[in-house]
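Shared between the two complexes below is chain A, which pairs with chain B and chain C, respectively.
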Partner chain A sequence: MPRAKANIWSWLLGFCLLVGLLVLPQVLSYSQREIAVLLIINVLLVSSYRLMTLTGEWSLGHVVIMGVGAYASALFSKRLGIPVPISMLLGAASAGGVAAILSFPLFRMKGFYFLIGSFAAGEVIRLIWKYFTYPFGGPKGLKLIPGFPDIGSISFFEPEIYYYLCLFVVAVSLFVLYRIERSRIGLTFHAIHWQDKLAESVGVDTFRYRMLAFVLASFFAGLSGALYAHYIGTINPTRFDVEEMVFVLIWAIVGGTVTFYGPIIGVVVLTVMNEVILRSLGFDTARPMIYGGILIVSVLFLPDGLESLIPKVKGWFSGRVKKTGEVLEPEKSP
Partner chain B sequence: MSEPVLQVKDLSRHFGGLIAVNQLNFAVMPGAIHGLIGPNGAGKTTTFNLISGFYAPTSGQVIYQGRDVSGMKTAKLAEIGLIRTFQGTTLFKEFTVIDNVRVGCHSSARSGFIGRVLGTDREVEVHATAKAEELLEFFSLESMRDELAANLAHGHQRALGMAVALAADPKIILLDEPFTGMNPEETTRMMQLVRDVRQRGITVMLVEHDMQAIMGLCDTITVMNFGSLLAEGTPQEVRNNPQVIEAYLGSADHAA
Partner chain C sequence: MTELILQTVVNAVYAASYMSLIAVGLVLIFGVMGVINFAHGELYMAGAYTVVALYSQVGVPFFVTVVAGLIFVGLLGLLMEQSFFKPLRDNPLGGLIASIGFLLILQTSAVLGFGVRMAHIRPPTQAKFELIEGVVLTHQRLFVIIAAIVLLSLLHLFLRKTKFGWAMRACAQDREAAALQGISLSQISRIAMFIGAGLAGVAGALTAPLVSPTPYMGHSVIVTAFIIIIVGGIGQLEGAVVAAVLYAFVHTFVTTFYDGVVADITGLLLMLLVLVIKPTGLFGTKERA
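So, the complex of A and B:
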């Protein structure tokens, strides 16, 4: 009964992962905990980005959209005095709203044109932040953003505690993203990616679904931005510039975007590599160069991303690899 | 005489200076298998694209079930039962066979967003899957249910294309060259499938080059040439129409 066995293994793996994530802050140093918090926020960012790519459109504005969530949430709490948890949700909703408006000009384009269009739209938003000192704080951005309120004696100012908050929010978000993809909505996104004309011919309103993907992805990107803003306490336009976007792209490409877990593997592996290996060697200022190198190497030697290694690893564990090296249980496409 | 299910009135489409379709008129009766033929470049596919909403007409009207639908979006037309298929094997090749047909069930498998996330759309989806399976059986594809569409033989891919279209609950289905690239055996099977589709109460309109297939299959044939209506009638009438013969073969005067 290979299926039942595989099931036990995946439950076991999931359980180990959960326990690992829960004890992780206890074994890390203070600064490592801070990095862990940012890593979890980035997991949500890159996973939301993948939802967007399901319809086949790659955006260069995703980090700016994250910034919209961060700015909106910061402004709601700082200037209007709305409680932080609510302003976080409002910030995420604002990011979704901005995406809904941007859909109208952007989805007149496809492919490369969409990529450039999304970049331009993102720069416009960033320039608005830079130009208007009120309410956006201009080039210096916003400071003294209120943190997450204490609950009793639990202070979310501590990275350790904030880590658990992020873990909870991101876990719920990932669950929702996963459910979306596994439902008919996800099927329709994929269908639009592969054959948009055929999808239209059976009644799929492709514009509406592209917009839906963009708005949902932006909502969760905005949520990650809000988590970021209330943790760091200060944001500025440079934090959400195209360099950050390139990192998101590299995480997604190196991890692979075919599977749900691909981009997550990408961001985790590259962040751990960056923080543990590069920092210990004193190389961390060369991050852009090294990331570029990794991107080229992975495109050349691992074109399907790190995720393509998972079925092989699974095969080794269950000893069910054919002599040709082909895995018996091919991954369900797409 | 019943009302035509689909009618085009003085339909024209210009591409710059090129007149692809010129003042075209015809009507498709419910339950018919209606053929649209003509030499290459006669404007058949443009006509199809006009009817199915891929282009808006320059002038004239498309009337579907008594309602002017000219220039309406393809997805909207699909929702009210006007479904088209494509030339060649346009499928979701990366999907399994069953998922292809499940996408086709789009209009009938409605559910809210929250329901999708929480999984309360289960009943709708079970229903859609059952419908997809019934269609696979109808097209004798049930044994390939979990294959990738890309791995099917050509004839099976074409049948799957029809299954996807049928899943969208058409009242009239527009088939764009369903017999292209088929061997005689596959053509015969496909002809039977088209008749079976009509048996389900679906009106069929098709564009085709294969004369033998179209003569054996259609009740009415509309012949186009240079964007205009050339002739219309039963296969027998069309076959013996001197203008049609001239359009296809050139006139006796021009023959060297």
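So, the complex of A and C:
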């Protein structure tokens, strides 16, 4: 474990978080467990999105890429009879492969044009699912996707058990994502973001690194899609439309993308607020409106995202000198 | 066959008219303020629901409600400018996110006020021209076409002949330089936002009897508008009009002769092709934003 010198408090906090995550399904109601599973899947989705944004390009096709993973994994297991755990990995690899192909037209663009270009590419893929009834099921999508196989007497049909499976897969993925960012490759991504011309001048092939970031991010997005497909059991093109993408964008921006944990805070806080607090207060149809209001307020008054609050909060709690950002990260990797 | 082709041409002209009203508004807002208004489709929706509220439910004459739609949606645009676009002037991504928030607010307001179901509006007139045997143009569609031509001509004159128009074009070219010439960016942004939103409102109000408004109708409109402004070149008003006509013809013809989904794919591939070959759009001159 890197940075073992991190003080005992952060280890304690990490331990509490781990125990909390393991105990969580036991204290939740059935429907809340379902939300918890989806939340964990979304944590992976938004973290993989952050890897993409490291090179400075904001994509609007990430949810469609997640859908590629979901569709591919579902088709591999349903039509070809490949065991679900393997088909999940194959689905993730397919998402990475599609991203590799899309890199060639898309990385001719930058900034705003990339944003719109990725959106167009995603919509084309989505409409292809919608148009071809075989093998994609047309507008109604795929149904009766096989679930994760039982191991002994453990049935993954239960949200509680599937929660632990997702927790494990996502924890491993987050660890890998974290290590990638801290590796030489990740540092190169940062270099391309801030100074792409300078990076090129010292011999970095920016196209290949952009493509690598896109492919890696897409692999993990595809994995989250596969986890989703085999849990819900049915997917359709509408599930992966631009509105879902907007939510990923919102999570990332409200959370902040400077730190590894920023987008995770964003998705957790907004989901808990939206699904648990507002629902229990009895707002139902008005929820999107309140969500929209909070969005505007947070962009206006918290432009650096929720992550910018963390050093302050830590300052209140410990009363000692802050080590901004660094300390909280290792606990995400049990 | 000739009738079918001619009828499709008529349909395409109608589609081009209302799409260019929407796209020109979006381009105007982007050109002057440098921000993508994601809520533009919902402004169109708000225009349509103005007609539902005033014409269908209260019984105000149709053309009065169209003017009311222009003013109401224009004021919504002013509200957006004052509440978040102005404070987020230096943060285009923040402006985009805030406009998504506003989109959700408008959508939910429509759901709460009018319900999720389609609102059917009795058209003010059922009359129609029969151009030749089998080729029909309803008066309602003709209104849209005339309104688009008149409003876009007025906008063109405004931008070319008036002082405010000159100032607005100066802002679109170079904001700092315009500010140095003593042009008030806030004032010009307010005018651009009012006009841009108002055009979307008029398009929504005029097409409301033809499309049966739903609170979620803005979604497909914003996708189409994005395609049009990319093909035309971001920030190019004339480009947006030409691209709207081009897109409307391609889309309507493919829909008529093949399938709606294929038409959507064709439109998107057209846009991707433009992005790959000439990222600044067919009429774009220089890199922006």
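The rule is short, and it goes like this: the second predicted complex is superposed on the first by the 307 of 334 C-alpha atoms of A that agree within 3 Å, B and C clash if a C-alpha of one lies under 4 Å from a C-alpha of the other, contacts with A are read in each partner's own complex, and residues count from 1 in each chain.
The rule we apply is simple: a contact is a pair of C-beta atoms (placed from the backbone, for glycine too) under 8 Å apart; a residue touches a chain by one contact, two chains touch by 3 or more.
What you see is a predicted model, and the numbers here were worked out from it, not measured in a lab.
In the superposed model, A:Arg179 makes contact with chain B only, not with chain C. In the superposition on chain A, contact of A:His190 is made with chain B only, not with chain C.
Set side by side, chain B and chain C differ in how many residues of chain A they touch, and the one touching more is C. In the superposition on chain A, A:Leu127 makes contact with chain C only, while chain B stays out of contact range. By the touch criterion defined above, A:Val202 lies against chain B but remains apart from chain C after alignment on the C-alpha atoms of chain A. In the superposed pair of complexes, A:Pro149 makes contact with neither chain B nor chain C.
Using the contact criterion defined above for the overlaid structures, shared-chain residue A:Pro135 touches neither chain B nor chain C, since it reaches no partner. Contact residues of chain A toward chain C in the complex are 58, 105, 108-109, 111-113, 116-117, 119-121, 123-124, 127-128, 130-131, 242-243, 246, 249-250, 253-254, 285-289, 291-296, 299-300, 303.
Against chain A, in their complex, chain C makes its touches with residues 36, 38, 83-84, 87-88, 91, 93-94, 97-98, 100-105, 107-109, 111-112, 219, 223, 226-227, 230, 234, 259, 261-262, 264-265, 268-269, 271-272, 275-276, 279, 289.
For chain A in complex with chain B, the residues that touch the partner chain are 176, 179-180, 183-185, 187-188, 190-191, 194-195, 197-206, 333-334.
Residue ranges of chain B in contact with chain A, taken from their complex: 52, 54, 73-76, 78-79, 83-86, 90-96, 99, 102-104, 106-107, 109, 111, 113, 116-119, 121, 125, 128, 148, 164-165, 167-168.
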